[in-house]
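Here's the structure we're looking at; comments come further down.
Going by the order they are written in, the chains are A, B, C and D; count residues from 1 in each one.
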Amino acid sequence: MVDLKCTADFCLIPMGTETASISKYIAEVQVLIRSSGLKYSMHSAGTTVEGPWDKVMELIGKAHELIHSLGVSRVQSDIRVGTRIDKVQSFTDKVDAVEKILKEKDEAAGKS
Amino acid sequence: MVDLKCTADFCLIPMGTETASISKYIAEVQVLIRSSGLKYSMHSAGTTVEGPWDKVMELIGKAHELIHSLGVSRVQSDIRVGTRIDKVQSFTDKVDAVEKILKEKDEAAGKS
Amino acid sequence: MVDLKCTADFCLIPMGTETASISKYIAEVQVLIRSSGLKYSMHSAGTTVEGPWDKVMELIGKAHELIHSLGVSRVQSDIRVGTRIDKVQSFTDKVDAVEKILKEKDEAAGKS
Amino acid sequence: MVDLKCTADFCLIPMGTETASISKYIAEVQVLIRSSGLKYSMHSAGTTVEGPWDKVMELIGKAHELIHSLGVSRVQSDIRVGTRIDKVQSFTDKVDAVEKILKEKDEAAGKS
């Protein structure tokens, strides 16, 4: 069991589908994620999920199972997963930290 | 030369840095991206950039060079890059396509 | 629980380490993987592991825990994970399938 | 132009193909890589290529173009790319460095 908190960003690709459009599969995965209770955010290149390692990885595994159950024989995901023990940081804090620095740089440059 | 249009989502990691916090480096990369003229969007797990293959990959390479110039001896990126020739689609369209399906599902379920 | 068999290739990066060299950490992870009993193969850009989804993901999570226990406060991994239900295929079979085709192409071209 | 030397490991996925088997496409990509003159190594989860940034990224872009030319309308790759300026290191050296440590650990444990 791994209880470590993680942030995982995953991009799931159904393979051997009839067409190259996969939005209907991604929508099904979004419904699954929404029902998980974990904090998440979808963007154009994947979905970021935050929570205990086991829960997050189980969710991504269940997403694979779901796509298989819809008739897709092969599924590939790319997962970027990070853990840190020096401080508690939500994935939303990361963008805030960068944007704060950018704002300060702009102000210093007299842009604001 | 590769002129094919692509969408690349990259997550850059400076290695061997003094602390585990890398937001100051990511902010420098954002300034570089902003100056490139390419369409982009930052999220908590990376930045999505869209444009001709060569331009996009050159930009990510220049981001590595920039981080090296700040005294970091090793830089690692994960890039998810997609190309498609059946239709013109911006990365913002992808999220719209999924959200449209989700909205229809919600409406069909009487949630809206 | 996810019992689906998967093949996961992961590249683990300790962040905020004293130097940019991480081979001592990767060696510790290899010892952990070796003790797991799962089928695996190390290459220069990561390690491929094969087994039930839960076991494989737990192993990668334990690798993060191990690196944290060695004093590294932040760890990032990139995981490429695939599942397929149309046939049983080990990761070693995939290279064999490609090399078989390459050999046939070479023979057809009179190179062998 | 980016002349920085890099090591890139990429996993290319043709999307919307008739079947879930993609070995024939991967074989075509291998022929392309072989003709590039760059140092490379195929493994079960991708191919590692080493060389100047521009040359390596152009090669991966040409691999996308090649797959499109075979009738596949959408191609997705995951690329792990690293650069370092503190020392010259080939991707083959990385495995050697880890295996050297593992051997020393085994010897210290009286296993050899």
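We take it that contacts are C-beta pairs under 8 Å (C-beta built on N, C-alpha and C of every residue); 3 or more make two chains touch, one makes a residue touch a chain.
Keep in mind that this is a model prediction, so the values were computed, not measured.
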{"item": "Size of the rotation, in steps of 5 degrees, that lays the CA trace of chain A over chain C", "value": "180"}
{"item": "Between chain B and chain D, centroid-to-centroid distance (C-alpha), Å", "value": "20"}
{"item": "Intercentroid distance (Cα basis), chain C paired with chain B, Å", "value": "25"}
{"item": "Distance between the centres, which are taken as Cα means, of chain D and chain C, whole angstrom", "value": "14"}
{"item": "Touching two or more other chains - residue numbers and ranges from chain B", "value": "20-21, 73-74, 76, 78, 80, 84, 86"}
{"item": "Pairwise touch network: line, ring, star, complete, or other", "value": "complete"}
{"item": "In the complex with chain D, residue positions of chain A that touch it", "value": "13, 15-22, 72-74, 76, 78"}
{"item": "Residues of chain C touching chain A in the complex", "value": "1-2, 4, 6, 53-54, 57-58, 60-62, 64-65, 68, 73-86"}
{"item": "Residues of chain A defined as touching chain B within the complex", "value": "7, 9, 11, 20-21, 23-24, 26-27, 30-31, 41-46, 48, 78, 80, 84, 86, 91-92, 94-95, 97-98, 101-102, 105"}
